[in-house]
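Please go over the structures that come below.
In the two assemblies presented below, subunit A is common to both, partnered first by subunit B and then by subunit C.
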Partner chain A sequence: MDFLILLDFLIPATGAGKAILAAVLLGAGSGLLGSFVVLRRMALMGDAISHAVLPGVVAGLIYSPERSPVFIFLCAATAGVLGAGLVRAMMATTRLKSDTALGIVLAFFFAFGIMWQSRNQESTAGVMNFLFGNIGAINADDLRMMIIATVCLCTVVFILKRPLLVVSFDEGFSRGLGYPVRILNAVFYFLLTFSVVVALQAVGVVLVSAMLVTPAAAAYLLTDRFGKMLLLSMAFGVFSGVVGGVVSANINGMPTGPVITLAATAVFAATYFLAPQHGVLAKLFRKVRRRRRVHRENTLKAIYQIQEAGGFSYDHVSLIELARKRRHTEDHARKECAELLRHGFVELSSDGHAVSLTTPGWKRAMEMVRNHRLWELYLTNEANYADDHVHEDAEKIEHILGVNTVRQLEQDLDFPELDPHGKPIPQPQLIVPPIA
Partner chain B sequence: MAIALETHDLTVTYHKRPVLYGIDVTVPEGSLVGIVGPNGAGKSTLIKSIMGVVPSSGGWVKVFGTPLKENLHRVGYVPQRESVDWDFPVTVMDVALMGTYGRLGLFRRPGKKEKLQAQEALEKVGMLPYANRQIGNLSGGQQQRVFLARALAQDSDLYLMDEPFAGVDAATEAAIIELLKEMRERGKTVLVVHHDLQSASEYFDKLLLLNMRLVAFGDVKEVFTPELLQKTYGGRLTILSEVADHAAKF
Partner chain C sequence: MESLSLNLSLSCHLLRNMNYFTIPWDNLGIGAFWLMLMAFLVALPCSQMGSFLILRRMALTGDAISHSVFPGVVIAFVLIGDLASPWLIVGAGLAGLASTVFIELIHRKTRVKQDAATGISFTALFALGVVLMESMLGKNVDLDLDCVLHGRLGLLLEEHHVEMFGTMVPQPILVMAGVALLTLVMMVIFYRVLLLSSFDSGLAASYGYKPLVIHYCLMFVVSFIVVAAFQAVGAILVIALLILPGAAAYLCSCRLKAMLFLAGLHALLSAVGGLYLHVWFNTDMAAAVVVCGGVLLLLAWLLGPVDGLMWKWLR
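After this line comes the complex of A and B, so read on.
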C-alpha cells in the first residue's frame, strides 16, 4: 500500500501524538454516525454491529500474520455488514421484531468470535486490544487506515446529509420523493460499520457502541437543530476520545475503552443536568417557578375575593382575614404577602397587619378572577358541564389562559358580565381598582 | 377528461393475509376524493400501496397514464402524523423544505428558489410565524399544517393524504378543507383517507367506499346511499376476510 505513505506527514512521531490523533478520528466518526443512530432509535443496532465484527477481527489476525491493517479492517467491516444484513433478513422473513433479531445476532457473532479465537490462541495474540481497546497499541499503519476511513465517512455523510436526514425522519415520505431508500439505508449501515471499526482498536468491541450513543445523546439534549447536533456530537466524541486516550496513556492500569466511555458519560451527565432546555435542572427550575407563580396568583385572587365580599368598601385586607380565607395560619399569610410585596403587587399597612393591592396587584388579581369565571362560564355554556362541576377545572386553567384565548373566549361568550354562579366577571383592561 | 390515477386489480397481502383485494379504480383529474370505510378496511394501505411504500402482491398502478415511477414527481404523499417522531431536531421550515427535495435529487442543495417555495407553502397554511420552531413544540393541528405545507412545496398534481383530519382542532379542519377545495380549483387531484362518515359527504366530490375490496366509487350523491354504506360498514365478517384467515394459515 505505497500510496498510504503519502499520508505520513499527518502522522505524529510520538506515541502520545499517535494516540491523540486516533482519539480525534474515532471521536469524530462515531459522533457523526451516532447522531443518526440516536435519532433513528438504533442504539441496539450499533451494539450488534460492534459485537458482530469480532469474528472478522479474529479472521483478520489469523489470515494476516503480518497484521495488515487494511486486511483486518476489511474483514471486520465485512463481518459487521454481514451481521446487520442477517438482522434485516430475520426481520423480513419472520415476525420477529428488531430487538429480538439483534439480540440473537449479537450473541451469536460474539460467541463465535470468542470460540474461534480460543482455538487459535497463538496467531491471535493481541486480540485483547480489540476486545477492550488499547490506544497505545495503534501504530502508524493503523492510523493511516483510520484517517482514510474517517475521511471517507465524513465525506459521504456530508454529501448525503439531506437525504439521510429525510430517510431517518420520514421513510414513507422519502420514498414518495423518489429517493432510493434501500440504497440509502444500505449506505448508512456501511458507514455505521466503518465508524465502529475505526473506533475498535481504541475502545474495544465491548464498549464501542457507547461511542455511538453517549456523545450523540448529550448533543441531542443540548440542541433542537440537526446541523448543530452533528457538530456537538462530533465535538463530544473527540473530547471523550482525547481525554480517555491521554489518561490511559499516562496512568498505569487505565484501559482506554472504559476511560473513553466514562469520559463520554461524564459529558452526558453534565448535559443531562445542565442543558438549558431539556436538562433535568432546567425542568425542575421551571416547575418550581411555575408553582410559585400559581401560588402568588392564588393569594392575589383570595385578596380580591375578600374585597369583593366586602363590597370593595375597605382599602385593606387584614392578614387574619387572608389566613382564614386561604385556610392557613397568620404566619403563613404573612409569608405569602411578603412574596407579593417583593413583586410589587401589595403594600403593607403601617402596623404590618394588613395589606392593600397596588395597581399591578389589582390588575393581576382581576385577570385571575376573570379567567376563572370565564372558563367556568365556557364549560357550562359551551361544553355542557353542570355548574357545580366547573370550579376545580377553572382553578388550574386560570393560570395558563393566554391573552388570545381570553379574547377568543370573550367573543365566543359574547362579552359576558356574570359567571354561572351569578358573580360579576371583572374587566382588568379598565384598570380602575373598584375601590371607592 | 384526463385520468389522474388508475389502479387495476391492486392486491396487497400482509404476512400472506390479504388486506386489499383487486382494487380497480379510475380517478379523473381535478377530483377531491374521500376514502372511507371501517377500521381495518385497508384505507391507509390503499394509498401506501399506490405510493409503493407497502409492496403490492398483484395488479398495477398508473399515474397520469404511466407507471408511478415515471411520474413520481407529480405525486405528493402526506403520511399519517403519528408516523414520524416529532422530537426530531428539525424546524418547521426544514420540514416544509423537504417538499422541494424531490426536484433536487440526491445531491443538489436547496437554494433561494426552494426556500421561497417553502415559505410560500407555510404562509398558505398559516405556519410562517412558526418557521423557526422545533416541530415538537407544536399542537397536533399545527403539526398537520406543517405536513400539508411540505406537500404544497412539492407542487404535485396528485396528492394522497393519510388521515389529515385525525386529531386536529376544528379551526385546522376548516382550514384544511378550504385548502383542499382551492387545490381542486387549480386542477389538482386529491385523495384523502377520512374516518368520519358524517363530514365525508360534505367535504368531498367523490367517495371511495372500501372494505378490503372496492365497495363503490363515484359521486357522493350516487354512492352515499344506505345500501352501499351498509355494504361497507355492516356485516361482521365478509366471506373475504374469512378466506383471508384461511389463506394466512395455508
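After this line comes the complex of A and C, so read on.
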C-alpha cells in the first residue's frame, strides 16, 4: 500500500486546495470522455447513465454507514453499467427507439433511487450533495478515490485512444480493421460510467451530463484535431470546475453543480460566438465578405461585357450604361464603382460619370468571363446540357472555380476559343487588355 | 375448541391480508382517494401527449422541456409569488420555447450535433433555474430543491380545500382535472392532424398541415402539461410520466387508438399501484407512482402481446 501513502502527499490540507484538486480531477475525467461522447453523438446516453447511478449512490449510503468512498463508487458504477446494459437490451429486443429506451431507463432508475432514499431518510442525509453537487464536502478519502479513478481512466483512454477513436468515427471500418467492436463499446460504457461517478460529488447526478457535453462541444468548435480537442475540453472542464467551486463556496447554501454548469455554458457561449473557424461571428463575417466579392466581380464582368459589345473601342464606360446593364439605378452603379475603386480595379474619369478598368481590373474581369464561358461550354459539351440552360449555373460557379479546376477544364475542352453562344473566351494569362 | 382457535387464526390471517389492501384507506381515509385521483389526473394528460412524443421520436425533447421550463417557473414565481398562478404556465411555456430555440440555434449554426445541442441547452437552463431559485428566493417558500425532486404530491392533503357536491376537494385536483380535460379535448379535436404528422409528416404537409406549426404547438402543449405536472411530481420525474405509459402501451399494441387507451390505463394502474407502494413502504408518493409505472413497463416488456420477450423465447 505504499502508493496510497504517496497519494497523501498529493492531497492538499486546506479545504480550498481540496476543492480545486477535485475540480481538476473532475474536469480532466469528464472532459476526456466528453470528447468521445460528443463525437459519437451520445450526449443523451451520458444523461441517462448519470441519472441511472442514483440508486447505486443511495445503496452505497445506506449499506455503508461509515461512508466508504470505494463502496459508494462501486455501487454507483454498478448501477450505471446496469442502466447502460438495460438500454442496449431494450433496443435489441423491442421496437422501441433509442430515445425512448434512454428515457425509460433514466426515469425508472432515478425514481427508484428517490423512492429508496425517501424510505431511509436518516441514513441518506448526504444525498443532496450527490444530487446537486457540493465540492466543499469532498474529503481526503473521496479525493484519493477520485485520483485513482481518474488515473485509471486516463491510462485506459491513452492506451486505447486509437481504437476508441476509430470506433467513434466509423464502426463498420473498425470492424474491417479487425478491432473487437463489441468489447470496445463495452469498455467505452464502463469508462463513461467511471467518469460520471468521479464527477458525481462535485456536480451532482442531475447535471453531470452537462460536464460531459458542454466543455467537449466548446472544444469541438475550436479545433479539428482530436488530440487538441481532448486537451481543450479537459482544460474547459477544469476551468468551469474551479470557477463553479469558488463561486458556490462564497454563496451560502448554493449547490456546486448548477454553478459549474453555468460556468461551462459561459465557455461554450463564448466559443459559439468567437471561435475563429466554426464560430457564428466568423461564419457571418466570411459570408458577408464572400457576398461582397461576388458583387464586385459581377460589376467587373458587366463593365467587361459593355466593352466587349462595343468592340473594346471605348476608353470609358459611363455609369448610366453600367446601371442599365446591371438593371439598377445610377446611384447604385456609382456605389458599386466606388467599391471597385477602393480595391484598385477601376479608375474614375475626370468628370466622374464614367469608369475605366485598370490592369488588375481587366485581369479579374477576364478571369470571371472566362470562368463563366468555360463552364457553359463544359456543361453543353461534357454534361449534355441544352445551351440555353447553362447560364444560371455558370453565374454561380464562376466565383468559386479555382486555378487548378480552370486548368483542368481548359485541358478537357482542348483549349477552346469560343463559348456555346459563339462569344470568345478571354485569355487573362496574357494580361494584355484588348484595347491597350 | 381447537377448531375455534384455528378459525380465529385463519380469520386473523385473512384480516391481515385484507389489511394490505385497506391500509391506505385505514390511514388516510378519503385522502387516499384524493392522492390516487391526483396522481391519475397528472399522469393521464402526460400519457396521451407522451405517446405522440414517442411515435415522433421526440422522447428526449420531452426530457429537455421538462428540465428547461424550470427557470421560467422560478422567474414567474419571483414576480407573482404564488405557485398556483396561471402566469407560471406562461413563464414555463416561454422557457420551454427558449430551449427549443437554443437547440435550433446551436445545431443549425454550428457543427455541434442535435443531441449535444439538446444536452447543452437543457442543463444550462435547469442550472440557471436552480441558481435563480437559491439566490432570489428565501428559505421558507414552497419552491425549493426538495420540490424540484419530489414535487408537492405528498402535501396534497394539506392544500386548500374547496367544497364541491357536498365534499371538500383539494384545490390542485380541480386545477389538474381542468388540465386533463383540456388536453383530452384538444387531442380529440386534433387527433387526425397528430396521427398523420406523427407517422408521415410529408403526407401531412401535403394536406396543408404545416410541420413546423404542429411541432411548436405540440411543444407548447407539452410545456403546459409539464408545468402542471411539475408541481405534483417535480421537474425530473415528469419525464417518467411522459414516456413510461406510452412506451409500455407501444410494446402491447400496434394500433394508435389502442395504444392511447392502454397508455391511459397504464396511468391509472400506476396511480393506484403508486398509492399502495407509498403506504406499504412509507416512501415518497411521486417516486412510487413512477416506480410502479416502471414495473408495469417491465411486465409489458416480458409479456406484451406484440413485443413480449416470453413469446419470442417460446417461439
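Keep this in mind: the second predicted complex is superposed on the first by the 422 of 436 C-alpha atoms of A that agree within 3 Å, B and C clash if a C-alpha of one lies under 4 Å from a C-alpha of the other, contacts with A are read in each partner's own complex, and residues count from 1 in each chain.
As a working rule, contacts are C-beta pairs under 8 Å (C-beta built on N, C-alpha and C of every residue); 3 or more make two chains touch, one makes a residue touch a chain.
Computed from a predicted structure; not experimentally measured.
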Subunit C versus subunit B, contacts on subunit A by residue: C
Which of subunit B and subunit C A:Thr359 touches, first, second, both or neither: neither
Partner chain(s) touched by A:Arg95 [first = subunit B, second = subunit C, both, neither]: both
Contacts of A:Gln408 with subunit B and subunit C, given as first, second, both or neither: neither
First (subunit B), second (subunit C), both or neither touched by A:Thr329: neither
Which of subunit B and subunit C A:Tyr220 touches, first, second, both or neither: both
Which of subunit B and subunit C A:Pro255 touches, first, second, both or neither: second
First (subunit B), second (subunit C), both or neither touched by A:Thr155: neither
Partner chain in contact with A:Phe169 - subunit B first, subunit C second, else both or neither: first
Contacts on subunit A seen with subunit B and repeated with subunit C across the two complexes: 41, 95, 220
Sites on subunit A touched by subunit C in the complex: 37-38, 41-44, 46-47, 51, 90, 93-97, 99-100, 102-104, 106-108, 110-112, 114-116, 118-119, 128, 131-132, 206-207, 209-210, 212-214, 216-217, 220-221, 251, 253-255, 257-259, 261-262, 265, 268, 272, 278-280, 283
Residues of subunit B touching subunit A in the complex: 15, 48, 51-53, 72-73, 75-77, 79, 83-85, 88-91, 94-95, 98, 101-102, 106-107, 109, 134, 136, 150
Residues on subunit A engaged by subunit B in the complex (per definition of touch): 39, 41, 95, 159-160, 162-163, 165-166, 168-170, 172-173, 175-180, 220, 223-226, 228-229
Of subunit C, residues touching subunit A in the complex: 54, 57-60, 62-63, 106, 109-113, 115-120, 123-124, 126-128, 130-131, 134-135, 139, 145, 149-150, 236-237, 239-240, 242-244, 246-247, 250-251, 277, 281-284, 286-288, 290-291, 294, 297, 301, 306-307, 309, 312
